[in-house]
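Heads up, the next two complexes both have subunit A, just with different partners, subunit B and then subunit C.
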Partner chain A sequence: MTPTPTLASLAPALPEIWLTVAACIVLLTDAFAGRSARRITPTLTLLLLALGAAAILVWGQVDQRVDLFSGMYTADPLATVLKLLSFLFTAVALLYSRHWLEARGLLKGEYYVLVLTALLGICVMVSAGSLLTLYIGVELLALSLYALVAFDRDSGIAAESAMKYFVLGAIASGCLLYGMSLVYGMTGSLLLGEIAVAVQGQGVAPSLGLMMGLVFVVVGVAFKFGAVPFHMWVPDVYHGAPSPTTLFIASAPKIASFALAYRLLAEGLAGVEPAWGQMITIVAVLSALIGNLIAIAQTNLKRMLAYSAIGNVGFILLGFVAGTERGYEAALFYTIAYVIMALGSFGVIVLAGRRGFEADELDHYKGLHSRDPLLAVLMMVMMFSTAGIPPFVGFWAKLQIFEALWASGHAPLVVFGAAVSVIGVFYYLRVVKLMYFDAPGDLPVPERHTGVRFTLAINAAAVVALGLFPQALLELCQRVLP
Partner chain B sequence: MFVQILFYAFSAILLAAALGVIASRNPVHSALSLVLAFFTSAALWLLIEVEFLAIVLVLVYVGAVMVLFLFVVMMLDVNIERVRGGFIRHAGLGLVVASLVAAQMIGVFWARNLGVDATLGAPPLPDDYSNTRALGEVLYTQYVYPFELAAVLLLVAIVAAITLTLRQRPGLKPQDVAKQVAVRREDRVRLVTGVDAAGTGPGADRDASPRGGEGA
Partner chain C sequence: MADFGLLSVLIWLPIVGGLLVLALGDARIALARWVALGTAVAAFALSVSLWTGFDAGTAAFQSVERLQWIPAFNATYHLGVDGISLPLVLLTTFTTVPVLIAAWTVIEKRQAQFFAAFLILEGLMVGVFTALDALLFYFFWEAMLIPMFLIIGIWGGPRRVYATIKFFLYTFLGSVFMLVALIYMYLKAGSYDIADFHALPLTYTEQFWIFLAFFAAFAVKIPMFPVHTWLPDAHVEAPTGGSVVLAAVMLKMGGYGFLRLSLPITPDAARELDLLMIVLSLIAVVYIGFIALVQTDMKKLIAYSSIAHMGFVTLGCFLVFGGGGGLGIDGAMVQMISHGLVSGAMFLCVGVLYDRLHSREISSYGGVINRMPVFGAFFVLFAMANAGLPGTSGFVGEFLVILAAFKASFWYALIAGTTLVLGAAYTLWLVKRVVFGPVANEGVAALEDLNGREFFVLGLLAAAVLLLGVWPAPLLEVMQESVRHLVEQATASKLP
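This part shows the complex of A and B:
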C-alpha cells in the first residue's frame, strides 16, 4: 500500500497538473466567451504558459531525482529544464502562429487546447519513470498532433498528410508497445529504474527476447524522431500540415523525442548499450546521409527543411551512438540548438505568407531582401546556423557531437559527419542566394506585425548569442545530465 | 483436465470466429463473428480467473462498440466485392507478412534461451481472491497517475473528433432540448372524431376515414 500523497509532495508534478488545468480553462473559456473568444484565447493561453513556467521556477524545482506516484513519475533537474524549454518553445510557436491562423479563419480555441495537451504529452514523456507513462505520453502527444495536422479541414493536402501520419504513427506505436511488452516480459518490471537493474551486465549479447524487444523499441524511437528508414512521414507531414502546425511539430516535440530516447535507452536500457548502440548507429548514419542528400532535390522549402530535420536528427542520434555522458550532453545541446533554429526558420515561413499566399516554395523566396529586408536577414541567420557555419550556435552543436564521437573512439563517424555537413551547406546557402541575388518576381509583400517580428528577431539574436557564448548552454547541459 | 478441454474448445471457436470476421462476404456476418470472438476470448479470460476483464470485455466491446459497429455497417452501403478484390490481389504479400508474424510468435514462445517458460500456465489463485477487488485496490493508488493521464487522452480524443467533424452549415437539424421538453400535446397529436369507439368490426369504420385512427 502506498502512502497517501500530500499536496506538498505533489509539487514536483506541478507542470503536468498545471497544463491539465490550463487546457480545461482554455477549453471552457473558449466555449463560453462567444464572439470575443478569438481575442481572449490566444492571450489567455500565453498567460497560462507564462504563469506555469513561473510556478515551476518557484515551486516545482528539484535538486535531485524525486520519484512520485509509485515510481511512475520522475522529477529531476533534467526534467525541469526540458519542461521549461518546452513551455518557452511552445509559447514562441503560438506567438508566431496567431496572425497566420487569424488570416485564414483557423483561429479556433481547439487549436490552443490541442497544443496545450501536446505539451502535456511532452512533459509526461520528459518525466516518465515507467514504460506505461512513457507510452501514454507518446500517445498524448501523437493524438494531439494528428488533429493539429488535419486542423485545416478544407485542405486536401492537410487531410492526406494527417491520414498518412495517423496510419504510420499507429503502426509505430504498435511497434513501440510490442517492444515494451517484450522488455517487460524479460525484465519483469515496467519501472525504468528496475529495468536498468535487471538488464545490468547483459552487455553485447542480451537474451533473445530482450534483443527482440530492443529492436521494436528502437523502431518506435526512430519513428518518433523521424529517422531513416522510418522517416517517410516527415516530408509529407511538414509539407501538408498548416505552417503553424509544422512550426510546432518542428519545435517542442523534438525535445520529447530526445527525452523518449534518453529515458528509454540511456537510462532504462543502459546495461545493453552495445546492443542498441549498433542499431542506433545504422539509423543515425542513414538519417544524416539521406536527409542531407534528398534535401538538395527539393523545390518546396517546407519539404527541404523536413529533410534537413531528418539530417539533424541523424546528428542528435550520433550523440547517442557515442554512448558516453559527453555524448548525451552533446545530443541535448544539439536538440536545444536545433529547436531554436527550427523555430526561427519555420517562423519566417509563417510570417512570409499572407492570406491566399503560402510562402512555402523555394521560388517564393526569390528577392525576399528587396521585399522584406528584415525577414531575409533573419532567414539568412537561421540558414547559416543550421548549416553549421561559425559563429552561430549550429556550429557549436555539430562540434560538440564530433568531440563526443572522437573521445569515444568513433573517428570514422566524425569524418562522415563532417562530409555530410559540407553537403548540407549547399542547400542552406541556396536559400540565401535566392533571397539576395535573384530578381524579385511579382510576389506579395509580407504583412508587418511588429510584435511578432520583434520576437523573431530575438530568436535570431539567441542563435547569434548562443553561438558567441555557447558556454552558458553547455554548462546547463552538463549540470542537468547526471 | 476439464479446464484444458474447455480451453481448447474455446480457442477453436475463437479461431473460427476470427476467420469468419475476415472471410465472410456479408459485413453484418463479419461483425457478428467478431461478437462471437469477443465472447469466447472473455470465456478464455474467465479460465485464468480474471473475471473483471472478462465482464468488461463483454460489456464494453459487445454491448457498446460492436452495436455501434453494426449500426454503421448496416447504414453504410459498403461495396464489399471491391474491397475483396484488393484482398485477393494483395494476398501474396499478406501471406508473406502473416507467416513472418507467425514465425516470430512461435520464436518467442519456443526460444530456449529466453529465460522463461512461456508454455507454463499461471498458478491457481486462492479461493478468496477477487480480481475486481485487486484491480480496484491499485487503480486509484499505485496507478493513479497513468489512470488520470488516460482520462486526459480521452478528453483529447473528444476535442479532436469534434474539431475535425463539427461544421456550421445551413440545413442542420440539431436537437434543441429545451424545445423538446416544452412541446405540448397539441403540437404533436391530432384527435380525429368519427371513428366508432365501440369498434363493431371492420365494416363499421369503412365509412369513416380508414387511416383516421393513426392520428398523424
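This part shows the complex of A and C:
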C-alpha cells in the first residue's frame, strides 16, 4: 500500500483540487454577492481558471508518469497538456458566451459552476488510472452537461433535447459501466495498468467475456464521442441547447472523449487492439460517411455543424484504427485542431445573434459579409479549415490521419477518407456561399463587443498560424504521447 | 541572386500586397488600386530579373531556397526554378498586370477585395510553380482554390454559385488523390522533396497507381477530355479577370504537374499509358474543336478552344516516348505560354465588349469593326494567334507538337493537324460574326472604341504574342537544358 498522501505528494492532482475549490468559491460568491453577482461571477470564473492554469504550470507539472491514490489517479505529461488545453478552451468558450447569456437573462452563477464541474469531470477522465475513476469523470461531465443543455428553462426545445440527452446518455453510461464490469470480471482488476498486463497477448480473439466487455466499452466510448451509430443525441443536443452550451459541448468535452478512448482502449486494452480495432473501424467509417452526407441536407447551421462534428469524430477515430503511436498522435492533433475550429465556428454563431434573433439557421448567414465583415471572414476561415484545405490547420489534421493510416497498412481507409473529405467540402462551401455570394436581405446586424471579437480573431489567427507552421503542435503531440 | 530569396519575395510580396489592399479597403480605393498595380508590376520586374540572372546552360534548379519547415514530416520550404518553371513564373507575374489594369474601374462592388484576391492568387500560383517540396507544392496548389472560388462566386455572372462550387469540388476531388499518392511516396522515401521522389525506385504497379492519382489531379486541372466539364461553366461565369487568370495560368498547372511530377516519377507507367493519353488528347483536339464550333456564347467558345489547345499540350508531353522526344515537350511548353497570352487576350477582348453591352452572346454583336476599328484590329490579331497563324506565338507551339507527332506516327500528326482547320474555323467564324459585317443592332451602333487603358492592356498582350511568334528563341533557349534533362528522366526506366 502506498503511504498516506502528504500535501506535497498531492501536487500532481492540483488541477482537480483547484477546480473543486474554484467551483465552491464561485457558487458561494454568486450566492452572497447579490445583484452585483452578474458582474462578478463571469470575471471571477475566468480569473480562477487563469490562476489555476498558472498554478498547474508552476507546481502541477510532472516529467513522467506519477500514480496517486493506489493507482486510481494518473498524472503524466499527456494529462497536464490536455488539462491545460481544457482550461484554455473552457475559458475561451465562457468568454464568447457572456454577452449571449446576459442579453437573454441567463447570466446566472449556476451556469459557471456547472461549467466548472464539467471541466472537473474532464480533468478526472484525463487523469483516470482505473475504470472507476474514468466512470466518475464520465458521469460528472455528463450530469453537468445535461443541466447546461436544459439551462434555458423556458425553452421547450432545450428541455426536449436535454431529456433526450439524459435518457440516451444514461443508457450509454450503463453500457459503459456494464462493459467495465465485464472487463473487471475477466481481468480481475480495475486498474488500467493491471488490465493492460492481464490482456496482453490475447490479440484478435480474446475470451468471450472480454469480447463482450469490449463491445460494451466501445459502445460507451462511441456514444460519448457521438459516433455513428450512437450519434442520435448529437444533432438534437447541438440544435436544442442554448448556443453557448453547444459551444462548450463542442470544445473541451471532445478532449475528454479523446482521453476516455485513449486511456481505456490504447492504454488499458492495448493488448486486444485487433479486437476493438475492428469495431472502431466500423464506427469510424460510418461516422465519417454518414456525418458528412447528412450534413449536406441540413438547413440549420447548428445541426449542420453537429453532423460535421460526427464526421470529424470519424476521422479522430480513424487515428485510433491505425493503432500505432503515429495514429494516436494524429488523433490527438486532430482533436485539438478540431476543438480550436469548433470554438471559432460556434463562437461566430453565438456572436452573430442578438436578443430575439438566434442566428442558427443557415439562411441567417445570407450576406453576413456586408453586415459584419469580421465575423464573415472568421467563419470563412473556420469553414475552409474544417474542410481540410490549406493553409489552415485542418489540413494537417487530415494529412496526419491519412499518413498514420497508410503507414499502418490501412490503404483503403486512406482513399475512403480522402473521398469523404471531398463530400464534406460541399456543405462548408455552402456556408461561405451564403455569407459572401448572397444578398443580406433585411437580416439584423450583429452587436459588436470589441473584446470578444478580438478573442475570436485571435482564435482564427491561431487556425492560420498553426496552418502555416504546424510544427509546434505536432511536436507537442509527439512529446506527450509515449 | 539566390542570396536574398528572390523566389520567396515573388511569392510573398503579392500576398502581403494583397493583404495591404484589403486593409485599405473600398474607402481608399484609389490608393488601393495603385498599391495593387505597384505590387504586381514590382513582382513582374523581379521575375524579369530572375530571368536575366538565369543560367540556361544547366538543368539544375536555380535561386534555390531551402529552410526547415515541418521536421515532423521532413518537409522543407524548398523553392527553386528551372527552365520549365521559369517561363510559367514569368507568365504568372505578367498576366496579373493586365488583369488588374483591365479591372481598374470596371468592377462595381468590393473593388479592394477584387484586387486583393488577384494578388494573393498570384503569389500562390508562383508558389505552385516554384515549390520543390511536394507538400509545399500541394499546400499552394490547394490554397489557390480559395481565392479563385471567391473570385468566381462574388464577381461572377448569374450562375456563378453553381459554377464556382463545381469548379472547387471538381479540382478538389482530383487533388486529394494526388495527396494520397504523395503520402505513399513520402512513406517510401522518408521525405517530401520532389527530387527524392524523382530518384525513388518504384515497381510498375506502384507507378501505375501513382500515375493514375496524378492523372486525376492534373487531367482535371488542365483539363483533359472527359473531365473538362467544369471549365466552360467556370469560364463563362467568372469575371473577365478570373477567366484570364484561369485560362492563362491555372490550366498550365496541370501541364506543369505532368512535366514536373508524372513523367519523372512514374516514367514506366507513363510509357505504358502514353497511348491512352495521346488518344484523350486527340479527342480533345478534334471533338472539343467541333463543340467550340457550335457555341453561341463567346466565352464558352474560347473556353472550349482552350481545352482543345490544352489537348496539344498533353499530346506534346506524352509524345516523348513515341519518338517525339524533347520536341514535343518544347512544343507543349511554348503552347502553354502562348495559350496563356492568347486566351488571356481573347477573354480580355470579350470583357471589353461585355463591359459595353453586357452580353456574351455572339448574336448580340456584328459589325463591331465599324464602330471600334482599333478593337477590331486587336481582336483579329488575337483570333489569328488562336488559330495558329504563322508569325504569332500560337503557330510555334502547334508546329512543334505536330512535328513531334510526325516522328511518332503519321496518324497522330494527321489528326492533330485537323486543329489547324478546326481552330481556324471556329475562331474565324467567331470573328466574322462579331467583328465584320454590317452593324447588327442599335447596341453595336452605340459602341465606343477602346479607351487608353484598354488599348494599353491589349497592346501589351499583342506585343508579347507577336514577339513570341517571330522570335521564340529566348524561350526555347531557357528551357532547352531542362527539357533535355526531363527527357532523360522520362525515358530512363525505374524498373530494376
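The working rule: the second predicted complex is superposed on the first by the 480 of 482 C-alpha atoms of A that agree within 3 Å, B and C clash if a C-alpha of one lies under 4 Å from a C-alpha of the other, contacts with A are read in each partner's own complex, and residues count from 1 in each chain.
Note that a contact is a pair of C-beta atoms (placed from the backbone, for glycine too) under 8 Å apart; a residue touches a chain by one contact, two chains touch by 3 or more.
All values derive from a computational prediction rather than experimental measurement.
In the superposition on chain A, contact of A:Y427 is made with neither subunit B nor subunit C. Look at A:W406: by the touch rule set out above, it reaches subunit C but stays clear of subunit B. After overlaying the two complexes on the shared chain, residue contacts for A:V415 are found with subunit C alone; subunit B is out of touch.
Residue contacts after overlaying the shared chain place A:F223 against neither subunit B nor subunit C. By the touch criterion defined above, A:W18 lies against neither subunit B nor subunit C after alignment on the C-alpha atoms of chain A. Counting the residues of subunit A touched by each of subunit B and subunit C gives the higher count for B. Considering their complex, residues 104, 107-108, 111, 113-116, 141-146, 148-150, 152-153, 155-157, 159-160, 162-164, 167 of subunit B touch subunit A. Residue ranges of subunit C in contact with subunit A, taken from their complex: 69-73, 138-140, 142-143, 145-146, 149-150, 153-154, 160-161, 164-165, 168-169, 172-173, 176-177, 179-180, 183-184, 186-187.
Subunit A contributes residues 1-2, 13, 20, 23, 27, 68-70, 72-73, 108, 110, 113-114, 117, 120, 124, 130, 132-133, 136-137, 139-140, 143-144, 146-147, 150-151, 153, 182, 185-186, 207-209, 212 to its touches with subunit B in the complex. Taken together, the subunit A residues at the contact with subunit C in this complex read 384, 389-391, 395, 399, 402-403, 406-407, 414-415, 418-419, 421-422, 425-426, 429-430, 432-433, 436-437, 469-471, 474-475, 478.
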